[in-house]
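Order of writing sets the labels: A, B and C. Residues in every chain begin at 1.
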C-alpha cells in the first residue's frame, strides 16, 4: 500500500469515529446534568428543616406583623376616650378615591366662640387601597395604620366604619 | 407465619372440600376478581397520597396534613369529591366510545395483574409466556387513549391523544428490548422461573453492565409508556389544559386517574420482578447470619418494598425535570434509546453465552 | 410572505389559547392558526384587563396618581412609582436629597431581583418543571419581608413620592438586606443545577424563537428581550437617572438572539443587581429622605417625559400639563406592549410547545400591556 492510499483511508474513517465519540459524549453529558438536578431535589426531600411553610390558621397566636404594615386606618384613643382629630379634612382631600368622609358639627368653645369639631369620621374599608396618603397628610397625627389583615365579613355594611368612638372628644392642646 | 400462600391454600382446601371442582374454580375466580378490585382501591388511595406528599417535600413545603391524622384520609376525601361530581358528556361527542374508553383502560390494568407474583407462590396465573403477555397487553392502553381523544369532539383532546399514541407505540420497543435482556440471561419467559433464577442474587448485581444499562433504559421507557413527566405532554396542563381527558369529569375521570396510577404500579412491579428479584430477599454471598435474618422478613414485604422504591424513583423524575417536546421525545427514542438497547442486547447475549455473569 | 388577518387555507386548525389559561401570565387571548403542530400565525387579542388607568389619572392630583401605577406592572411596582415620581420632579425642578436617591435605587434593584425570580419560577413551570417555582418564591418571600418592614406592603408598595420617599428606612433594613444577600448567593448556584444546566431545558430553549437585532429595533423591543439579541438598550447605562452613572455594573448582552440567550440575560441581570446592592448597602448617606415640597403640587404648563428601566424593559411616563393641580393627559409607554408585538414574528414556523417557551422568555405581564 502506498503512502497516498494510507492517507485516503484514514480520512474516510475518522469522521465516523468522531460521530461515535460525539454521540457517547452527548449521552454522558446529558445523564450527568440530569443526575445533578436529581441530587438537588433529593437533598430537599430529605432535609425537612428547609420547609418554610407557616400553617396559617393554627399559628394566629404567634403571628407578628411589622409595625409599618398597612392593614386598615384606625384612630387611636387614649384612656380618657380622647382622640386628636381636629376635623381639618386634610385626609379627605388627600385620599385618591373618596374613602374618608369627615362629617362635622359646630361646637362652642369655653370662650363662647363657634369652632368646628368632628361628629363622625366615616371610613369605607371596601374602597381603601391602603396607600398611606391620608396618614401622611394628617397634621395632628390623629390616624394611623393598624396591622389587621383579616377583613372578610359576610355583610357589606360592616365595612363602612366610623373611626371615632362614641362619646369621645378631642384631646387638649391639639391644633 | 400467615403468608399469602398459606391463606390461599387454606381457602382452596376449604372450597374443594365443600363444593364440586367446577364451582370451586368459579368461586375462586370471583374471589380473585374481588381481591384485585380491592387492591386497586387500596393502591389508588395510597399512591395518590404518596404522590402529593413526595411532591410537597421535594418542593420545600408540607403536603396535605389536615384531613385525618397526618393527612391520611385525604384520598378518601378526593374520591368522595370525584364521585359526587357531575359527569358531563359534551354535545356532539360519540356517546358509545366516550363512555367505554375509561373502562377499557381499567380492563387493561386488571388483566396485567394476572402474571405478577406478589409473594412466594402467590400468583394469579403463572403462564409460560408471562413476560410476553405483560408486554402485549400493555399495548392495548393506546386504544383507550385514542378513543377518549377522538370521541371528545374537542381539538385539544385530539391533539393530546395523537401525541400520546405516537409516544406509547414508540417507547414499547425500548421497554421490550430491556425486558429481553433479562429473558436472555434467564432463558425463560415464565415469571416464576425468572424469580427463581435470582435466588443467589438479584439480576442487577449478577449481570453487571448490560443489566445496569437495561435497567436505566427500562425506567425511562416505562415513564414514557405511562404518560408521566417528563413525557406527559398528552396531559400537559400549561399547554393543552389536560389533553385527552379534558372533557371527562366525575367518575369517568376518576377511572382514568386511577388507571394511570395502577399502570405505574404495574410497570414498577415488572421492573422489580425482572431486575430486583421480585419477592426474593436480599442475600449477600456467604454471610449466613445476614441471609437468615433477611429470610425472616416476609416475601410480600420485599416485593412491595421494591415496587414502592421504584415508584418513588418515577415520582422523583416527575418533580425534577421539565417536559420534552414531541419531536424531542421521539428523537430520544429512535436515535438514542433504541440503538443503545439493541447493542446492549447483543452484548448481553454474548455474555450469557460466554458465562461472564455471576 | 405574511398572510392577511383572517385568511386560512385548507386544513388549518384555529385554536384559542386563553383568556383563561395557565400559561399566559394573565388574561391574554391568542388566536393561533396551526397546520398540524406548526404555527402559521399568532394574533394576540388584548384588552381583557383594561382599567383605563391613564384616564383615571386625569382626575387625580400629582401626589395621588402614583398609587395607581403600582398596579400596572405589579411585579416591578417600585420602579413604576419611581418613574412617575421622577417625571413630576422634572416638572417641579426639585432637587432630590442623596439619601433618598440611594434608598430609591436599593428598592429598585431589590424589586428587579424579585421580578426576575418570579419570571424564572413561572417560566420553569410553563415548561413542566414544578419545583423551581417554589424555590423562586422562597427567595421572593425574603424580599417581600424586607419590603414589608420598611414600606408596609408586599406587592403594591406606594413608597415613592415626588421629592423622595415616604418614610425613612427601618433600622433593621441594612442588616436584613445583608443577611438576604448572604443567603441568596448560596442559593443562586442551585438554579444552575436545577434549571440552567439541565439538558432538557437547554434543548427546549436553544434555537427557539430567533429575534434578529434589526427586528428587535424596528418592533421597539427593549429590556432583556432586545439585549438577548445584542441590542444595547439599558436605560441605566444609556440615559442614567439618579446616581446610576456613579455605580459599577455591566450591561448584560448576548448575541445569540434565541430564547436561551434571553434567559441567560435575565439570570446575569440578577447577579448584576446583587453587585449594585452590595456597592450601596453600606454607603447610605445621611440626610433627609424627602425634599421639601408644597402640600399641593402644581406643574407648570408644558410636556415632560422620563424613562426608566423596569424588569421588563423601558417604561416611559409622559405628562402633559396645563398648569393645574391635575394633569391634562398622562401616557405610559409600556415595555410589554412592544415586546408582545414581536411574538407573531418569532413564532411563525415553530411548534406549540415552543410558543409557551417564547412567551416565557419575553416575560409578558398582561396588566402592563392593557393598563
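By our rule, contacts are C-beta pairs under 8 Å (C-beta built on N, C-alpha and C of every residue); 3 or more make two chains touch, one makes a residue touch a chain.
Just so we're clear, the structure is a prediction, and the values are computed from it rather than from any experiment.
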**Fill in**
Taking each chain's centre as the mean of its CA atoms, the one lying farthest from the centre of chain A is chain B
**Prompt:** If you tally the C-beta contacts for A-B and for B-C, which one comes out higher?
**Reply:** B-C
**Request:** Would you kindly tell me how far, in whole Å, the mean C-alpha position of chain C lies from that of chain A?
**Result:** 19
**Prompt:** If you average the CA atoms of chain A and of chain B, how many Å lie between those two points?
**Reply:** 46
**Asked** Quick one: chain B and chain C, Cα centre-to-centre, how many Å?
**Response** 46
**Item:** Where chain C touches two or more other chains at once, by residue number
**Value:** 131, 138, 194, 198, 200
**For chain A, residues contacting two or more additional chains** = 34, 37, 40-41, 44, 52
**For chain B, residues contacting two or more additional chains** = 58-61, 319-321
**Item:** chain B - residues contacting chain C, complex
**Value:** 55, 58-61, 155-156, 159, 229-230, 232-233, 236-241, 319-328
**Message:** Show me the residue ranges of chain C that touch chain A in the complex, using the header's touch definition.
**Reply:** 60, 63-65, 67-68, 131, 138, 141, 148-153, 156, 158, 161, 166-167, 170, 190, 193-194, 197-200, 295
**Request:** Note which residues of chain A are touching chain B in the complex, please.
**Result:** 27, 34, 37-38, 40-42, 44-45, 48, 50-53, 55
**Request:** Spell out the residues on chain C that touch chain B in their complex, using ranges where they run on.
**Result:** 13, 15, 21-23, 37, 124-131, 133-135, 138, 194, 198, 200-201, 203-204, 351-354, 356
**Complete:** In the complex, chain A touches chain C at residues 29-30, 33-34, 36-37, 39-41, 44, 52, 65-66, 68-70, 94-96, 129-133, 136-137, 145
